[in-house]
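Here chain A shows up in two complexes: once beside chain B, once beside chain C.
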Partner chain A sequence: MIYGLILNILLWFGFYLIISLSLNMEYGYGGIPNFGKALSVLVGAIVAGGVVTRILIYIYHIKIGIGGFSTATSAVSNEVTTLIAHNPLLGLALFLLTLILAIIIGCIAGAIFILPSARLKEDYLAITLLAIAETFTMICYYNQSIIGGYYGVSVPDFLAFIHTNRGVVFTGIVLLIALITFIFFERLMNTPYGRLLRAMRENEDVIRVYGRDLMKVRVMTMAVGSGIAAIVGVLLSYYTLRVQANSFMITGRTLWTFYPFLIILLGGASNNKGTAVGTIIFVTVMEVIDFYKTNIVSFLHLPVEAVWLEYILFGIMMLLILYYKPEGILPEKPIITPAIKKAYETKKVSKKGVREEY
Partner chain B sequence: MLGMDVLTGALIYSNLLVLLAVGLTLAYITTAVPNFAQGSFAVVGSYTALTVYRLFHLHPYVSLPLAFFAGGLVGLASYMLVLKPLIKRGANIVTLMIATLALDLILLGLRGIYAGYLGKITGSPCEMFMFTYLDFQILGLPAILVVSTLVIVITFSVLFTLLYKTKFGVALRASMENPDLAEIMGVNVEYTRMFAWFLSGALAAMAGCLLPFKQEIVPSTAEIIIVSIFAASIVGGLNNIYGALIGGYIVGLSESLVTYWLSTVIGAGVLVYGKVIALTMIIVTLLVAPQGIISIEWRKIKKIKRWCS
Partner chain C sequence: MKDPILETRNLIKFFGDVLVLDGVNIKVGRKTITLIIGPNGSGKSTLINVITGFYPATSGQVIFEGQDITKKRPYQIYDLGIVRTFQTPQPLKKLTVLENLLIARKHVGENVISALNYKKWSEFEDELVERAFKILEFLRIDHLWDEESYKLSGGQLKLLEVGRALMTEPKLIIMDEPIAGVAPALAHEILKRIVELKNKGITFLIVEHRLDIALRYVDYIYAMASGKVIAEGSEEEVINNPQVVEVYIGGG
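Now for the complex of A and B:
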């Protein structure tokens, strides 16, 4: 029992670390309030459930019969899963192809989604991104030809060659990808581009003075952030082996927009280590609630589902963080460029001094 | 042919959207934060009406005043407990927006618990409901059209009298235009904000009380309707109450009528995509006239046209 809980915590830690790191780049460093973050996860799910399955249907000559696209995916998933059971390389190729496609399509989608509002103030930016995400989710829900709408689609199991402990192997893969993402963002945020992002957050005019195009930087940031976040959509689809627009329609904004914001504000915005700390705390709380939900409900004598209590708890938690500790557990640190490092060493500037100047 | 029921449906929806957009705009003008929980304020009104109907068998129209006060209290509490402390600490606009997202989530959770509780008391589920079967006809028109239009007329005449004929209104408008200057002149900006949030919640809840006559209330109603509310406010300029009135009708009518027209051309399948129209209107407004329809100087456009020809 406890073993399952720990495995779940690790798995969801991986999912949430990837998405929170990408949101941390957009919001924490770049100051883009991406209230449509859930959209990039949906894009990843569409690539796994709507694009790659179509390619497979084409390759294996599956006929789309009366049942429509949704039923055809079940047939193709069954066939490909049996093939993978004997041929692990096929599974690996399928997984990598989906990942790469998701990153590319996620990048393009992210760049397009911010285009209408890239020049605008933060409030308009947030409203537009949220509106685009909600509308797009709704289209996927009603239009059954994209990812099967309410009925959903099946995806093949790329780990079909593993007969025992599939969950453990899958969690390992997710954690590995999360680690790579962490290193990627740590490196990226220490380049001139990372510093440009911080400058944009602090003062948009400054980066204009230095000859940078605000719109270009924002579009690029959203492209990278959405590309990485699309990975989560792929991993999630391959974990559950289903893609359902239904689940995005009801909980998408909470799970993939609000919770990542909660994580980075809890851990400390614009600090990747803080994001990791925030993720582990959040995921542990979430999974423990999920684990003991029947006990909690019977303890409270309420005719309710635990998920509503979870929403209230996390909503209040967010408000408390915003009020009492807006800088998070691990606050942002000054950038250590070679010049500042030298200044530290010669003790011309105290650590506090650098921070205030910056 | 444009059927009568399509047109009345569009008008009812637009009336409700105007109420919601005016509330959102009032809160934005006074506190400079777009309230992402506006949809949940509406749901407060829907459940007030449902509670009164299930427990006391009173028609939902009767519970409009109650919905007004219930929504108003929720709006006021949201400002006093959530936004005011943050504003006092000098929180920036993104922080305030995230706070309203958190508020929306809390209200969503409370809705779930309340619906479960009400369902247990009354013995019938309350997750989804409609009032369409309760509606009647007034002079050959659906009562909901008459009632929602009356609500709009009363709301705007009271609002107009209050803003332009009373001393409080002058102070209110002053603190909307320039809060710092108003404060110097002895106006308590805090009161105007409290008033705006009370009214914002109250108007939204009235719309929510009438919404079940038009569409089914489901757990995700608040999330679905928020796109249209923002569209109406943004088309109207986000900082003008009359803009919200015009924007509400533009977005409401085009959401219903354009999708209806498209359905006659393409097929009935497009009827569910009304929100795409709302989103398109947000994007077009932001690209063409970011300050909203109020800011367009029609005389100048005419002049340019004349000059071009």
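Now for the complex of A and C:
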């Protein structure tokens, strides 16, 4: 039904807006090519599926039997979900606790994540971040003690007290968090900090001459970016009520690293509104393809599944943007602090193209 | 010279096998303008890069206010009160001219936590913007304040580079060819401003080829050739030095 399609678009718009805004700060503003973006989403999922579940297992005295941690999470999730069905406050407390923990642990993980590479030049930085993220994901997949490895873990449904339209409520919560994230980044970037990030992206030497420790700026930025991205991991976990490391392997890299890059390049790097525009376009295309995939495949007599069509289409889209419109839909704008706003209101705006030569 | 603010002691710099600084000893007197001249490739820019921590010295020392700064990183050197400009202007291309100047000062509003508290940094931001406009007016590029800096011409970029250094209030400003490509009238004014700032207590170390303009404003001159100081002293002493005449006329 078309209603389901719209709801899906809104939900994924929320997920993607949050992660893309955080990548936009790191890469669009700060020039940090975080090819390991998916890692922070995984960290959020670990907090929901591996940390909070452990706290619950401890509180509710669940025994970890022969089924191991994975089975124990199913037991505790069932129990807690039943409790939440009659106790909305418990559900909300669980959700908020997970969010806050994920943000804190995400920040710490982001800072540690960049440390080994904080002194590297951009190209090496990208590869190193990718490699660290991949390694960590592998560890989570092969080591069952973190989030159940191959088997995955269950998380309680914090919305169990909602009996009808759970999807609508959940989407509403995601959109609300996405809105707060947008406001947060708009506010955070229109400050001397946002200006410093853009300057760092343009020329690291200048920043060093003028007294900034690049490493400190990078670490701080990755901490914030990863903390926010971890929220997406939490939301995804509570959306599917499962956490599985393999969903962060190949598809995870596509969904949570490649697509966010595509979105900010499409919308316009270093512009939060551009990121929002990029997100809505991207998510709409993705969901429409997904919605009509069987029709598309049979209509076009495609020898492949529709999801491949999606990958191919997005790959081509990326190339076209880079080639024809590298600045994206909404171009970059100067940082507007109150003082600069005043300057734009009072000073003459220069006439473009008119240049006095000395 | 008593109590120099900056001193290099037997500074040696190799790039691979190539010896670029061959035991450079210079002293920069406090509150003076010191000029370094020398033919292309004589090692002037390299000397600046080593002093400001951009290149590690192979051996020798850089002493600033009595402290050994040879191994310090560029951002630490800024904190001690040294700012430098680059021979090839380094604009922050996508940032406006105004933003290019604002970045010169460390800002209370540039870490994540204080950034969100606008009250904490707005006043300083106001002061910075005001100061930046004064400098842009002085350099006569204020009409370009909201242009992205990549649109500027070569000469204008040079002015931007100088302007950014003037935004700060350091003890020592090191400039690599600040008036190259700048029209003579404005070049004189820049140097006059430098003299003014010197009288306010800032020390300058300047590399410059345009001697016809620069010489009359400076207090002390070093001439370099092939990584060595070949002459030093006042204008007459250096310009009439036979070795200096030879490297310049002999094509260095």
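Definition applied: the second predicted complex is superposed on the first by the 334 of 358 C-alpha atoms of A that agree within 3 Å, B and C clash if a C-alpha of one lies under 4 Å from a C-alpha of the other, contacts with A are read in each partner's own complex, and residues count from 1 in each chain.
Keep this in mind: a residue touches a chain if its C-beta (ideal position, glycine included) is under 8 Å from a C-beta of that chain, and two chains touch if they have at least 3 such contacts.
Keep in mind it's a predicted model, so treat the numbers as computed, not measured.
**Student:** Who does A:Val307 touch here: chain B (first), chain C (second), both, or neither?
**Tutor:** first
**Student:** Now for A:Met220: first (chain B), second (chain C), both, or neither, which partner does it touch?
**Tutor:** second
**Student:** Identify the partner contact of A:Ile336: answer first if only chain B is touched, second if only chain C is, both if each is, neither if none is.
**Tutor:** Neither chain B nor chain C is touched by A:Ile336.
**Student:** On the A-aligned overlay, A:Leu176 touches which partner chain: chain B = first, chain C = second, or both, or neither?
**Tutor:** In the superposed model, A:Leu176 contacts neither chain B nor chain C.
**Student:** Touching A:Ala93 in the superposition: chain B (first), chain C (second), both, neither?
**Tutor:** A:Ala93 sits against neither chain B nor chain C.
**Student:** Output check: A:Val209 vs chain B and chain C. Expected answer is one of first, second, both, neither. What do you get?
**Tutor:** Only chain C; A:Val209 stays clear of chain B.
**Student:** Tell me the contact category for A:Pro192 with respect to chain B and chain C: first, second, both or neither.
**Tutor:** second
**Student:** Would you mind writing out the residues of chain C in touch with chain A in their complex?
**Tutor:** Residues in contact with chain A: 52, 54, 73-75, 78-79, 83-84, 86, 90-96, 98-99, 102-112, 115-116, 118, 121-122, 125-126, 128-129, 133, 140, 143-147, 151-153, 155-156, 159, 164, 168, 182-183, 186.
**Student:** For chain A, which residues are in contact with chain B within the complex?
**Tutor:** Within the complex, chain A touches chain B at residues 27, 31, 33, 35, 116-117, 120, 122-124, 126-128, 130-132, 134-135, 138-139, 142, 249-250, 253-254, 257-258, 261, 265, 302-305, 307-312, 314-316, 318-319, 322-323, 326.
**Student:** Once bound in the complex, which stretches of chain B touch chain A?
**Tutor:** 32-34, 36, 82, 85-86, 89, 91, 93-95, 97-99, 101-106, 108-113, 116-117, 119-120, 219-220, 223-224, 226-227, 230-231, 234, 238, 272-273, 275-276, 278-279, 282-283, 286-287, 290
**Student:** Give the list of chain A residues in touch with chain C in this complex.
**Tutor:** Within the complex, chain A touches chain C at residues 187-188, 191-196, 198-199, 202-203, 205-214, 220-221, 223-224, 270, 332, 334-335, 337-340, 342-344, 347-352, 355-358.
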